[in-house]
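Look for subunit A in each of the two complexes below; its partner is subunit B in the first and subunit C in the second.
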Partner chain A sequence: MTPPNPTAVEEAPAGTPPPRRRPSLRLPRDRHALVDNFFRFQSLFGLVAVFLIAIAVSPVRNGENIFLSSGNLANIVRAVSEIGIIAVGMTFVILIGGIDLSVGAVLGLAAVGSATLMVDSGMGILPTVLIVLLIGTAFGATQGAIVARIGIQSFIVTLAGLQAARGIARMWSGGLGVPIAYGDGPKEAPEAFSLLSGSINGVLPVPAVLFIAIGIGALLVLRSTAFARHVYAIGGNEKAARLSGVPVRRVRITVFAISGLLAALAGIIHAGQLNQGSPNDGSGYELDAIAAVVIGGTSLAGGSGSMGGTIAGALLLGILNNILALNNIDANVQLVVKGLVIVAAAALQKLRPRIS
Partner chain B sequence: MTERPLVRMTGIGKRFGGVQACRDIDLTIAAGEVHALLGENGAGKSTLINILSGVITDYDGTIEVDGRPVSFGGPVDAQRAGIATIHQELDLVAGLSIAENMFLGREPRTRLGGVDIRRMRRQAAEHLRTLGADLDPRRLVGSLRVGEQQLVEIGRALSLDARVLIMDEPTAALADAEVERLFETIKELRRAGVGIVYISHRMAELEVIADRATVLRNGGLAGTVDPRTASRDEIIQLMVGRSVDALFGEGRNEPGKVLLDVRNLAVTPRRPTPGRTEPAGVDLTVRTGEIVGLAGLMGAGRTELLETLFGAGGSGRRSGQMTIDGRPYGPHGPRAALARGVAFVPEDRRGAGLMLEHSVAENVVLSALATLTTLGVVRRQAVRRTVAEQLTALAVKAASPAVAAATLSGGNQQKVVFAKQLLTQPRLLLLDEPTRGVDIGAKAEIYRLLHRLADAGMAILLASSELPELLSLCDRVVVLHRGRTVATLPRASATQQAILAAANGDDAKETR
Partner chain C sequence: MRYARRAVAVLALTVLATTTACSVEKAGDGNGGTDAAAECGSGKEFLIGMSQANNAEPYRQVMNDDVSNAAKDVPGFKVVVSDAAQDNSKQVADVENFISQGINLLIISPNEAKPLTAVVKKAYDQGIPVIVLDRKVEGDAYTAFIGGDNVAIGKAAGEYYAKTLLPQGGKVVEISGLPGSTPAAERAQGFREGVASNPQIQIVASQTAEWLREKGQSVMDAMLKANPDINAVYAHNDPMAEGAYLAAKAAGKESTIKFTGIDALPVPSGGIKAVEQGRLQATFQYPTGGREAIDMAKKILVDCQKDVPKTTTLGTTQITKDNAAQVYTQLGGKQ
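Let's turn to the complex of A and B:
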């Protein structure tokens, strides 16, 4: 089976088995296949193109290309890691033809939860992380259950979820940000939590590593599990999937639970990076995550798309923001450029030759 | 055909990539004739029709309308030239009223520029009256039955002053009574001088309605016949290029023990859905190795019964007894049904059977993924082998298992749905109109497949609107009327008349 997983081959890490080259289930290698592959790998081409442009227009200081400096590259991945992790969960949701607008608010709730549990309740890191992840997962699963059982559109359910999560976060924190101070005393969080804002060997930012690891994990899940086939099937034709014995409700709930889980994880990272948890954290993140998924070539109608595309889409957005900032271009211009890129990516998908 | 034809197509050819869809086809349509267009799926009918209706604008050959060469830039041009098309999938907006649909895009205006709703309704009502349709133009199209929706489409064509009307399988979704009404309408249009291009897979209809039949094969012209005099075998031979003997195959061996037993099955829906007839007193048995037919008019509840048996019906309270192998059976969902060895091939293969944009391979294995995974990870090698086996076993014609299901012809799509369901190794196979929209060659293959499955001991329950199909395939025919079993006819006593009499209800007051 060949799920539309364009970038999988390119991004598979060294430790994974090499992709099979058996062509029998792949498209015939003719001109149509070339065209088709271009569109399937669209976001990857886009990523490479934006990367090259960024090198070209980057300011140079003392003969060093600032964009290409390892510090800058690491920063890009760090900057997109939260959006990227959320986008990974969002990809599952969009693949079944749904949408999850609550992820930004769940991130805020998780950030508040992390700070409050450690600082106010004096909990250790592990119980804190587990509880927060559990809250995110349960929140997502509840939304999924409402979508699957009652049959309300996910747009509406998660719009309501967004409001609810923000409200809970504000009630929990008293409406204010909860600063995280580190130390062993009361009202202080364990020192180890600050690792989230650090780097491995001073090079690889921890959030970036988490993002890449989760991205690759999700990519493998989507490539080769029966669960993923069920996700694609529901997005492709829910009725046919149900009549074929796909446990539609269970898959739906699981997908929203994954999205909630990853949003909560992003919230923990957020708290670790900013040393505080504020109930307003992550507002608007859901839209950036959706943008990354769309740029990655996943159809909002569900049923087709890939995790590799989403990862490439998130990185592309990060590079774009970075290079515009390096060139001192106004942040408002950045927003406009982001809008143009989203439209361009969607337009490219429209050009993709349809099956006759 | 002495007068000048309305439309003359000469030397029409069209190539899609490496496929020659049409090659040097001549076709004329005269005023007041019903011209049938025959051919297996993939013979080039749709391409030819799409060229004539302006959907395909780039082709070889010439089209003349009223003797003047034309070149359509799009469907609107064709409509202006008086050529209207009624597609198999009707182009209606469910959420709009009949009148709004008829005048969609060219609504009559008031002096202030608003829509002149009253005039629109009045004109729509006139067209409906011409068609003998007793429908309120204010009704939403979504609330109409398929046959009624078709009348709305024809009404729209009339409002366009169409002189050529192309009908693509207009009876595919109609019950017998509705077919008769459609034929009356067609005769009416013929008298009014409209030239009709009529595409259908049903031979019996052509004998009744068509004046001329042009047969296409592999994109070329295979011949023109008079369907009223030509024998069916002759026409079939033209279509497939060889003679088809024993389309339905032989009678078969003795059925075994009772597999499915249904006693007084009824479903009380939680919320009644208009247009659905839930089971209201169904008795039937299906034995192993037996093919049981399910007959009934449209709205008799055949589909609803099959869905209920598969656990896929509407929500509601179920009463009566169902057993499989003597053990109680009451599936709460398709998964539970599949687990008990019951599989279902739905009527609407595009809407409910297939993921059209996904590959053939992905479609085939969807039901059986559980058997092809280790710890949740799909075994690609096993999938590849299984798919190859299934495609070979059912003789599915596909460029490769990786092509999208949508690219296959109707018959091959249906075979993919069969392959998917058969992979679950069912003991009871529920089929809803398995040969609808399937060409005659694929039909014969499906019949042979059903015989083979029954011979291997599978129990088959088959709902069909085509009486000849039921009569020749089935060991017994169960007739439904308003959700009730009204007759069970063994093969020996099942005749068209007997089935129709039962299907129309014993009590005259009950007929609609």
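Let's turn to the complex of A and C:
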């Protein structure tokens, strides 16, 4: 990995400022640019640093570095893929200055939906996936509409949404996990659904591929679309955005719909990986996703942050979990370490030089 | 373009990570899997992975302690414990990390059967002996299962009621565990089988308190109003029995009603202490199987025993004031 070259950044054309924080600000060349770039790519540096540290402190067995060993890296990306996909949706929400606490419960609802539709209703994979994604999107859009139309804070709306989604999931499943058996018979799901727990060429887990594909897609969306400019504008200054013609309500609803959609997708993956749709699954995932976004350098105040940061943040959390486990660090100590990392990432944002 | 640069950087990292994974996977093909099944024998070092479903439940914490303490007495045994915090996905990742670490034996107390079956099979297929504790996994891709028998425990409690606690008969209320959970159903069934020998005993009410002490209290409040002449309370676990005791005490009836629980955890807040201190008449041990798992691990790893029993069902111990202090010490409880 070569750190991004600061000079090259300075040479970037100054016209058409990219839709990001303080686009018009120009630091003097030389070391300020270096400092600025360090903070801009903070989570990426953090990811590289944690990656290197993990290699260094990983236990070694038979001369083989376990952290880098067969399948361990694939395990890491697989393990973070659900949180990562949720975090991608969460990034949009947080960029407009909102929060979505319902995603973990929507994941549980989608997992139950996937299992129930295929096993109990005997539906095929495609209709099941489409219906479940539609449910997630509609759920998110409804929350977004309540936020945008009635003007209730998203924290409250999605807190209510969390309860509602959990309740619906429990009613739908009868309170118990719905096991998924594979086969062609009645009460069996199509065999192909189990591909979600497999890997491509036995190396790259399918959920990881989906996470990376969605991450890159979202990165491109956030980089170059009018929608992305609207998102940043609303997060930066909603009033100014409205006055300059940004369709604030529509963007709000869309953002929450995206979050619901991706949470539902994560739920489908969850059901495929565990061969079960349990209504209680995914509890607390919203907090892990928020942690990934925050470590990625996106401000909870909205208007500033990046998708690349979130992806890096999710991977960083995954590597951290993995290396702590490989070194047999006590489970309670692991929680404390993760807490410290989140605070450290947020503190770094505060240290970032402010220019006025 | 800054965005392009960032995207490229992230992409590059992803590609780097995945290509590393690819190349390492190929390199590892030669010896992958074979070193997992370490040769048994004495005088060797063995790493045992203990995958726990949820450390936050006292019963499971005691199980971890039992495993760790028993392993201290076996030279060469080192135990590492992971906590899935009631998350199936986390427990799958925990077991995968154990496999990466090259553990010599896996002890797992699964959060749920179905989601963990595949990863347990993965470990077992790589030659790692797997001992499943308390809750089962599906299929038979594990070495051994060790667990308690809730029907037998309920029956032991019922027989104690029939012969010792209420030989003249009386009115009993039942406070049951979470509806739909297997232990609650089995503890209820066993109890009815046990008291059947004494027709003078009537079960006048049965309410759920979902395993919780605070709910045991509120349920007992209501049942005392409906049945003021209760003789005894059969609770499916100790915390609910303690809650019921508190409710009776508030109504001034704690000395006329007898309380029994199940679980008998050797911890200061557990049922054994409650019996010793006179709040409960009796409790029945639901064994963790932790010590038995290490005994079996020793047979497999140190003694090179090939055939261990596929299923071990543990008995229960009845705890009354006579043996409470002794059992507490015997189970390694903290004073």
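Just so it is clear, the second predicted complex is superposed on the first by the 326 of 356 C-alpha atoms of A that agree within 3 Å, B and C clash if a C-alpha of one lies under 4 Å from a C-alpha of the other, contacts with A are read in each partner's own complex, and residues count from 1 in each chain.
Methods note: contacts are C-beta pairs under 8 Å (C-beta built on N, C-alpha and C of every residue); 3 or more make two chains touch, one makes a residue touch a chain.
From a predicted model like this one, the values you see are computed outputs, not experimental measurements.
Participant: If we overlay the two complexes on their shared chain A, which of subunit B and subunit C does A:Pro247 touch? Say first, second, both or neither.
Facilitator: Only subunit B is touched by A:Pro247; subunit C is not.
Participant: Should A:Ser224 be classified as contacting the first partner (subunit B), the second (subunit C), both, or neither?
Facilitator: Touch partners of A:Ser224: subunit B and subunit C.
Participant: Between subunit B (first) and subunit C (second), which does A:Ser69 come into contact with in this model arrangement: first, second, both, or neither?
Facilitator: second
Participant: Per the contact definition in the header, classify A:Lys239: touching subunit B only (first), subunit C only (second), both, or neither.
Facilitator: first
Participant: In the superposed arrangement, which partner chain does A:Ala312 touch: subunit B (first), subunit C (second), both, or neither?
Facilitator: Only subunit C is touched by A:Ala312; subunit B is not.
Participant: Touching A:Gly303, do we find subunit B (first), subunit C (second), both, or neither?
Facilitator: first
Participant: For the overlaid complexes, name the partner, subunit B or subunit C, with more touching residues on subunit A.
Facilitator: Counting residues of subunit A touched by each partner, the higher count goes to C.
Participant: Pick out the shared contact residues on subunit A: the ones touching subunit B in one complex and subunit C in the other.
Facilitator: On subunit A, the overlap between the subunit B and subunit C contacts is residues 1, 20, 224.
Participant: Enumerate the contact residues on subunit B facing subunit A in the complex.
Facilitator: Per the touch definition, subunit B meets subunit A at residues 16-17, 310, 312, 333-335, 338, 344, 346, 351-359, 361-362, 365-367, 369-370, 372-373, 376-378, 380, 383-384, 387, 399-404, 406-407, 420-421, 424.
Participant: Given the complex with subunit B, which residues does subunit A contribute to the contact?
Facilitator: Per the touch definition, subunit A meets subunit B at residues 1-3, 20, 22, 24-28, 32, 224-227, 229-230, 232-233, 236-237, 239-247, 303-304, 355-356.
Participant: Mind pulling up the subunit A residues that touch subunit C in the complex?
Facilitator: 1, 4, 8-9, 12-13, 18, 20, 40-41, 44, 47-48, 51, 59, 61-62, 64, 66, 68-75, 77, 79, 82, 175-177, 179-180, 197, 202-204, 212, 215-216, 219-220, 223-224, 270, 273-276, 278, 281, 283-284, 306, 308, 311-312, 315, 321-322, 325-326, 328, 330-332
Participant: How about subunit C: which of its residues touch subunit A in the complex?
Facilitator: 1-7, 9-14, 16-18, 20-22, 24-25, 27-29, 31-32, 35, 55, 80-83, 85, 87-89, 92-94, 96-97, 100-102, 112, 114-115, 117-118, 180
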